[in-house]
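The letters A, B and C name the chains in turn, as written, and every chain counts its residues from 1.
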Amino acid sequence: MTRKRISLLASFFLLVALTAGLLLPISAAGKVKLTVWGIDLPDDDPAHAYAKALVNGFKAKNPDIELDYVALGNDGLKDKVKVCMASNSGLPDIFQSWGGSVMGSYADAGRLLDLTKELKDIKCSEAARQAMTWKGKTYGVAPFFAIAGVFVNEGLFKAHGLKVPTTIDEFEKVCEALKAKGIQPLACGAKDKWPVLAMYMYLVDRFGGINAFADAAARKARFDGEAFVKAAQLYQKWVKAGYFGSKPLGEAYGDAQVLMATGKAGMHVTGSWMCAQYSSKEFTDQTIGFYAFPVLPGGKGKETDIMGMTDIGYAATRVAAGKKDAVVRFMKYAMSVEACSAEPGRICSVPGVKAPSRLTEMAAGVFAKAKAVQFWWDQDLPASVSSPLNDALQNIMMPEADVAKALAQYEELVTEMMGPVKKK
Amino acid sequence: MVETAAGRRNTYFAEIRHYKTQKFIITTILVLLALAVIAPLVLPFCFVFKTQLEYAYDPWGLPKQLRLLNFREAWAAVNILHGLINTFLVCLGAVACTVPTAAMAGYIFARYQNKFTEIVFYMILAGWFVPVQMVLIPLYRFTSQIGLSNTLPGLFLIMCAFGVPFWSMIYRSFFRSLPGELAEAARIDGAGHATTFFRVMLPLANPATALAVLLVFIGSWSDYFLSLIFISDQNLFTMQLRVAQFLNQYGVDRMPRYAAAAIIAAAPTVLLYIIGHRWILQGTLAGALKG
Amino acid sequence: MATDAGIILEYGRTRKKKRDWRGFVFQLLFLFPAVFFLGLFMFYPIEETFRLSLMRASGLGDTVYIGLENYVKLFTNEEFQQGLLHVFAWAFWSVVIQIPLAFFIAFSLIAFKNKLTSKLRAIYYLASIIPSAIVAMLGRFIFSPRNGVISSLAARWNWTWLANIDFFGDSRLAFWTVFAVATWTYIGFYIVYQMANIEQIPVDIYEAALLDGATRWQYARYVVIPMISYPLRICAILCTVGSLKLFDLPWLLTFGGPGYATTTLGIILYKQGFINAMYGRASAIGVIIFLLSLIFTVTQFSLQRKEGEIEW
């Protein structure tokens, strides 16, 4: 009896295993198959226009390549790529990437495909190329590049006779005036942690100049140096003054968008990826403009110092080594004027693409004047210290927190991860 | 068959003074609590019929106009029927692998307690102590090596491995609460170990089995994270993955549409539950009492 | 089957001490599938987790043996201490709030059964089948600072004190906000599970209790609770191990913030492993979660045994 049962059970589990084999995907033979993991669905949503144009256009133009485009959403893509990179299996040929340090860590581990030669002749902005380059090698393309700046509700400003501030002093006066009118001067979204960074990067730059961060990241200066602390204290002073409303920590980034869209907040310091929504009639009935962050008189930073990051980028993996040609064709099409012209809001890094809206034009104008571009800090720091930075900066939004102490603790962590500051 | 327990209970307790007032108060509390459970589920309906701007200005007011646009867009994009077969296969596979395995193991842990089974019990339970995020990377590497990643069986076998520890513990507690005499009587009648289990003990554990089938099914139906990691081929995408593909695109910037998609996503589970709960809650619980 | 399972009250444990080979083979056979699945898909990853917890590893193949450094660093880290504290607080309050509340609902649904309440039992579980991403969305609808239901309505009715409460941003409140959302969705399982166990109690015991003149609440206190003490313990174990692994709701609602006010071991693990690329340290957290769960569960089960196996 027992033997019978054993064999019965064994055959049951064998059956399960066999079904496993049978259900394995059967790939179409002949055509080159290119697997691409992206964020946006290629559907009819206006915000997904670029993904749609890219996928459909590429399929139409390249009938000999079978494109398998999988849309995973932001978090889905990050988690999936992370697991596949770490276990070195199941990788796609191309994945959407923000470049910078995270891509760099994959490149260091030998997971990516070096396309320096192949992509050299693609025309694009220098910042976008740098973002997809790590230690001198280019691994992908960045058709869209975002910069941080100030979204200003021009309608509100006009109605209350306010001028868009160009200096920090004017900025404070404008905030006071808005507050007096019962309008929240600044929207942020500090509950999600990362939105705090955009304005802080500029404040540090305005105090310490474009090299303040680069020096600290290169371990030539400390993260709790003068510029960092002063910037944090000024930022916190504004929080205490109520510039971010009465519940700065409870508001998520989405709440901040709604505040801007309904004219309940006057300004929003964030990335230019918001251009499409802030100029869309469906999303907002306000008139919103994009301006460079004000300068600090007597500070080292200039108006032409710009913080930026890859908005949409694609990088290729080692898996695709055998089909470099198809990969390069995809990258080139991603950078084509044809595909990029479909995008309704982002700043395109390809020359010859017309800005789709006034807001994008304003952002592109600010970007065009840039004399120095610093990559968004959390894209520029190693992964081990970038999310702790956002944790540390959330302290700014707490009126009772000691920001200098938070930065000192962060410096301790950086010392542990990246080594102490080198003596000259 | 004896009459239902509840009926008998009530006749006895009905004698007690103040029973009516007490019953009224308790019923009121229970209704209020049930409303608290339901109320949040109704919230999205306040604005799924609104445009983004209407939502931004007044999320909780009554909609001025019943716009179905959000639903139509979400429905078209989610393409809910696509992936339904995959979802069904995964759910059935997960139930078929998890429930018998857990029932058998739980029975041994409850009825054959000795040093050996105890050690095995803690070994099995150990699988439940490990957070999913922790074992994901080695697990993915391993399933890739044996060719199971990116397959539906790979997915439901892993769900099973995550489910068995929990459910064998639940089964253990159930089997322990069943009187041992029944098993003994069956043994004395000459039934073997297996017969005792299948003919006597397993039917008695129907409440646990019903709970396990329903919850494992719903659990694998709503699973997102494991499916995301282990399935890459779009032809194998489960319904939840398709929904997540859509949901992950939106946040507060398109809340009404997001809510519409969320409603579409949750609807099958809720329907399944509404259909299933009668069978689960009444059939099996009453059955247990009748004995 | 004609035997009324419950009539036998004082049955005692009649386990056979003598173990025949057939019984042993039967045990092996019945345990095999569970051991097979767990062995295949769990023990190998667990082993790797333990090994990596002693390494400095980014998760990309490079590993350096560093002994216990990961653990030392963790226990001196403020975020981890906060996470540990929240996990214990969470476990404590779940046991103190969620389980008694679930028991109250489960017992009342049975003891005060009428047409209305028998319809209600299905509703209580409804919240548990909603995927956590949607639960978090609903939580945000209710507690968001400007557009949330509470703040909007309070502002409309001029209840300034309520409108001024910042449910997510106030570091003392955030924990309770997340806890409330979690209670809403987790309690369904405890209710259904306890009901299934309470309904197993034989009718005759009710009758006996009544003959002694007991009220329903006395009956609940002196008969039902001792009788379902084993399932209640299971609930406590579920709460505790669940708290140790807690991740998705606090992550989706507050990202562990403000500051570290709602951070949990699960969140730190995810952050270290998936965001910070500190895979070795994440593994060490995994091991700590594992060991704490093990210690708690073994203690609970062996306490049970010491008390003389009263499993009704």
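The criterion applied here is as follows: a contact is a pair of C-beta atoms (placed from the backbone, for glycine too) under 8 Å apart; a residue touches a chain by one contact, two chains touch by 3 or more.
Every value quoted in this text rests on a predicted model; they were computed, and no experiment measured them.
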{"item": "Pairwise touch network: line, ring, star, complete, or other", "value": "complete"}
{"item": "Chain at maximum distance from chain B, centres defined as averaged CA atoms", "value": "A"}
{"item": "Chain pair with the higher count of C-beta pairs in contact (A-B, B-C)", "value": "B-C"}
{"item": "Centroid distance [mean C-alpha coordinates] between chain B and chain A, Å", "value": "37"}
{"item": "CA centroid of chain B to CA centroid of chain C, Å", "value": "15"}
{"item": "Junction residues of chain B - those touching two or more other chains", "value": "56, 97, 136-138, 157, 192, 194, 244, 247"}
{"item": "Where chain C touches two or more other chains at once, by residue number", "value": "22, 26, 33, 59, 147, 274, 279"}
{"item": "Overlap residues in chain A, where contacts from two or more other chains coincide", "value": "5, 79, 86, 88, 252, 255, 258"}
{"item": "Chain C - residues contacting chain A, complex", "value": "22, 25-26, 29, 32-33, 36, 58-62, 73, 78-79, 140, 144-147, 164, 166-171, 254-255, 257-260, 271, 274-279"}
{"item": "Of all residues in chain B, those that touch chain C in their complex", "value": "2, 5-6, 8-10, 12-13, 15-16, 22-23, 26-27, 29-31, 33-34, 36-38, 40-41, 43-44, 56, 59-60, 97, 100-102, 104-105, 107-108, 111-114, 116-117, 120, 122-131, 133-139, 142-143, 157-158, 160-161, 164-165, 168-170, 173, 176-182, 184-185, 192-194, 197, 200, 203-204, 207-208, 211, 215, 218, 222, 224, 240, 244, 247, 258-259, 262, 265-266, 269-270, 273-274, 277-278, 281, 285, 288-289, 291"}
{"item": "Residues of chain A defined as touching chain B within the complex", "value": "1, 5, 16-17, 19-21, 23-25, 35, 39-41, 43-45, 47-48, 68, 70-76, 79-80, 83-84, 86-90, 92, 252-255, 257-258, 261-262, 277, 282-285"}
{"item": "Contacting residues of chain B [partner chain A, same complex]", "value": "51-53, 56-57, 73, 76-77, 89, 93, 97, 136-138, 140-141, 144-145, 147-154, 157, 192, 194, 225, 228-229, 232-236, 244-249, 251-253, 255"}
{"item": "Chain C - residues contacting chain B, complex", "value": "1, 3-6, 8, 11-15, 19, 22-23, 26-27, 30-31, 33-35, 37-38, 40-46, 48-49, 59, 105, 108-114, 116-117, 120-127, 129-131, 133-134, 137-139, 141-142, 147, 149, 152-153, 184, 188-189, 192-193, 195-197, 199-200, 202-203, 206-207, 210, 215-216, 230-231, 234, 237, 241, 244-245, 247, 266, 269-270, 273-274, 279, 282-283, 285-286, 289-290, 293-294, 297-298, 311-312"}
